[in-house]
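Pasting the structures here.
The same subunit A turns up in both complexes below, where it pairs with subunit B and then with subunit C.
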Partner chain A sequence: MRRSRRRGDDAQAVLETALVIPILLFLICNFVAVMVQVTVQEQLNAATALAAQSRFQAPENAVDPAGSRCCGVHGATLVTAGLPTGCRYAAESFYGTMTTYTGLLHWQTATLCTSGGDSGNAANPPAKPVAYPGSPANADVSCDIGSIKPGGAVVPGYVDRTLNPPSGLDVVTCSASASLDFANTPLAWGVFWTPTLHAQAEALPPPFRQ
Partner chain B sequence: MSSRRTARQRGQTLIVFALGFALFLFSLTCLVADSAYLFVWSGRVESAAQLGAQSGADAVDPRYLYNATGACPAATPAAACAVQIVDISTQDREGTLYAFQRACIEAADQSAQIPRDAANPLALKTADDPQVPEGTLCASDGCRVYAEVARVVHLPIPLPGFPDTVTVRAAGYAAPVVGTSVATSTCTGIAWVPAPPPR
Partner chain C sequence: MGGELEGVVRLRRMPRAPSGQAIVEFAVVLPLFLFCLIGALDAGLWAVQTSAETSAVEQAAMVASSAGSSPTSETAPDARAVMASISGRLRSALFGTAIKSWCATDANGGCAPDSTQHCPSTPAEVQAADGPRVVVVCVSEADPPACVTPPPGQVAPYPLGCGDSPMITVRVVGFVASLVPPGFGPGAGGFELPTNISATTHTLRFAP
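Entry: the complex of A and B
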C-alpha cells in the first residue's frame, strides 16, 4: 500500500517537472530575446544618430576620389567614389557602431546616399529623397544629405519644415531597418517572433559648418 | 496529542514558507525588472553622451582647425592677428553658453530624453534650461569636447525601503576634426571651458 502510494507520488513529481521545465525554458528564452531586441534597438538608434552627425565632419564640397570604398564589415563593400565624403563618414560611423548581434540581423538594404527629401507642409507637398547617381544600393543605412558639387551646384539635403517654418531647415537624416532573427540561435526553441527594428535620426547643421 | 501538535506546527511552517517564498520571488522579480531597466537606460545615456560630445565637436569652427587667424583690429589691418579664430570668442556666445556647448547639450538632452518637467515627460530640455539635477554638462580642454549626461531614472517596480529613482551617468568625448581623406585636428591644450565641477 505504502509502496504504491510512493510510486504514485514519484510519477506525479516527474509529470509536474516535465510540464514546468518547458514552460520555464520558454519564459527564459523569451526574456532573453526581449533583452536582445531592446539592446539591438538601442544600438541601432545610437548608430543612426552618430551616422547622421558624422556627415558634418566632412566639408560640404568634399567628394570621394576614384577607388574609394568603405565598410566591408558585413560582407559587402560599398563603393563611394564620386559620392559626397559625408556619406562615407556616415556609413563608417554606422558600421563602426553596429558591432554586436550583427549575426542575428537581416538588413533591409537601401541606397547609401540620397538627396532632396522634404517633410512637406500645407504649401509644399512631401517629397521622397532620390538616390545620388552611382550610390550603392546594398547599404544597411541610408542617409539623405546635402552637398556642393565640384562645379558649385548645390544638392539639397532633407528639408524638415517643422523646424524654422515655413521655409524649413536643411538637415541630415539617416535611417536603417533590420529584422531580428533568432533562427540560428538556441533561443529559436522558444522564440517564434521575428521583430523588425527601425531607427531614424536627424542631425541639425552646426553653426559654423553649413 | 503530540502528533496533532506536530501536524499543526507543520501547517504553520508551510504557511510561513509560502509567504516567505512569495516575498522572495516578488523581490527577485523587482530586482530583475529594475536591473534590466537600468541596463537599458545606461546604454541610452552612454549613447547620448557620445552623440552630445560629437555634436559639440562638430560645432567648432573649422577655420580654427585649419589654424586660421582672425581679422586684426583697425589699427593694423594688414597684419595677421596672433589670436586664432575659435568658436569660443565672445560673439559666438548666446547667454552663458558657447556654440559648441549649445550643440552638445541640445543633442545629448534630446537623445537621453531628459524631461523639462517631471510631470510632462514629453517636453524635453533644451540648452536654455538648467541642466541640474539631470541634464548635460559640456566642457573642453582645448583638445576634445567632453559631455557628461545625468538622467534620473524612475524604477518600474521600486523595492520597498529603497529609493525609487536612480541617477544614471555617462561621459563621452570627441575631438573636433574636419577633413576629406585625412582628418585634421588642432589642439591648443588650453581649456576653452574648464571641466564642470562633479555633481
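Entry: the complex of A and C
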C-alpha cells in the first residue's frame, strides 16, 4: 500500500516536471524573441532614418549616369541610372546600416524611388507617390524624394501638410517593411508568430545645401 | 516516560524517502530555474545594450557625416570626437564594459589618429587587441575614386561614382559584459557576448 503511494508520488513529480519544463522553455523562447524583435526594429528605424537623411548629401539636381548601380547587399543589385543620385545614397545608407539579423528578415520589396506623395489636408486630397521612370521595384527600402531635372523642371517630393500648414513642406520620406521569421533558429521550437516590422522616417531639407 | 518513548517510536517510523526526494527534485529544478532566470535576465540586458548601441551608431553617423561639412574641413572625422558625442549614451547602457575609440598607438603609448583607418571587423580582433569586455567605436571613411578624363567612348564623369561624396561608417564592435559564464558563450574570457553594430551614411563635403 505504502509502496504504491510512493510510486504515485514519484509519477506525480515526474508529470509535474514534464509539464513545467516545456512551459518554462516556451516562455523563455518567446521572451528572447520579443527582445530580438525590439532590437531589429531599432536597427530598422536607424537604417531608414539614415537613408532619408542621406538624400540631402547629394546635390539636388544630380542624376546617376548610365551604368550606375548600387548595393547588392541582400542578393539584389539595384540599377539607379537616370534616378536622382540622392536615391542611390539613400539605398547605400540603408543597406550599409542594415547589416545584422538579415537572415531573420523577409523583406517586402518596393519601388526604390518615388515622387509626389502628399499627406493631404482639407484643401488637398492625400496623394499616393508614383515611381520614377526606371526605378527598380525590388528594393527593400522605398524613398519618396523630389529633385530638379537638368532642364530646371521641379519633380515634387513628399509634401507633409502637417508641417508649415497649409502649404506644407517638401520633405523626404523613406519606409521599409519586413517580417521577422524565427523558422531557421532554435527559437522556432517555441515561437509560433511572425511579426511584421515597419519603419518610416522623414527628413527635412537642411537650410543650406548644394 | 511513556510519552518520550512514543515520540522516539514516531520519529523512527517517519519515512525518510520524501525528504530525499525533495532534495533530488530541488537539485534537478534549481539549475533549470537558474538557467531560465539568468537566460531571461541576459536576454533583456542584451536587448538594452544592443538598442543603445544601434541608436548610438546612428547618432554617431550623423555627427561624423556633418563633421566634414564645412568649407575648411578636408579630413575624415576624428574617431575620438565622434566617440565623445555618444560616449554618455553608451556608458549608461554598457555597464561593466570598457568603451574605447579605435586608433593607432603612438610612440608615447597615446592614442593617435589611425591614418590607415583600419577598423576591426570582428569582435575577436578587438578582444585580441584590447582584452575582454571592451568595445571600440571605430569611424572609417570610404572616399570615391578621383575623376579622370574619360577614355574614348566613355562619358564623364569617369570612373563611375567619382563625383560621389565619401561614405562614413561608424562601428561599435567588441565584447559586452553579460551573465554568460565562462565556457558557455562565444567569448573566450566568459561573462561576455559579442557585438558588432554599424551605421553607414554619405557625408556632405564642400569642394576646397
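Odds and ends about this structure:
Quick note on the criterion: the second predicted complex is superposed on the first by the 199 of 210 C-alpha atoms of A that agree within 3 Å, B and C clash if a C-alpha of one lies under 4 Å from a C-alpha of the other, contacts with A are read in each partner's own complex, and residues count from 1 in each chain.
The rule we apply is simple: a residue touches a chain if its C-beta (ideal position, glycine included) is under 8 Å from a C-beta of that chain, and two chains touch if they have at least 3 such contacts.
Given the structure is predicted, the values throughout are model-derived calculations rather than measurements.
Taken together in the superposed arrangement on subunit A, subunit B and subunit C clash. In the superposed pair of complexes, A:46 makes contact with subunit B and with subunit C alike.
Contacts of A:92 after superposition: subunit C is touched, whereas subunit B is not reached.
Contact with both subunit B and subunit C is seen for A:57 once the two complexes are overlaid on the shared chain.
Residue contacts after overlaying the shared chain place A:24 against subunit C, while subunit B stays out of touching range.
In the superposed model, A:32 lies in contact with subunit C only, and not with subunit B. When the two structures are aligned on the shared chain, A:183 is found in touch with neither subunit B nor subunit C. Touch counts on subunit A: comparing subunit C and subunit B, the chain ahead is C.
In the superposition on chain A, A:100 makes contact with subunit C only, not with subunit B. Of the two partner chains placed around the shared chain by superposition, subunit B and subunit C are both touched by A:65. Overlaying the two complexes on chain A leaves one subunit C stretch of 55-63, 109-117 or 181-189 clashing with subunit B, which is 55-63.
For the contact definition in use here, the residues of subunit A common to its subunit B contact set and its subunit C contact set are 35, 38-39, 42-43, 46, 49-50, 53-54, 56-58, 62, 65, 85, 209.
Within the complex, the subunit B residues that touch subunit A are 36, 39-40, 43-44, 47, 50-51, 54-55, 58-63, 87, 92, 99, 103, 106-107, 111, 177-181, 183. Considering their complex, residues 2, 6, 9-10, 13, 17, 21, 24-25, 27-28, 31-32, 35-36, 38-39, 42-43, 46-47, 49-50, 53-54, 56-58, 62, 65-68, 85, 89, 92-93, 96-97, 99-100, 209-210 of subunit A touch subunit C. Residues 15, 17-18, 21, 25, 28-29, 32, 36, 39-40, 43-44, 46-47, 50-51, 54-55, 57-58, 61-62, 65, 155, 157, 160-161, 163-165, 167, 169, 196-204 of subunit C are the ones touching subunit A in the complex.
Looking at the complex, you find that subunit A touches subunit B at residues 35, 38-39, 42-43, 45-46, 49-50, 53-54, 56-59, 62, 65, 85, 203-204, 206-209.
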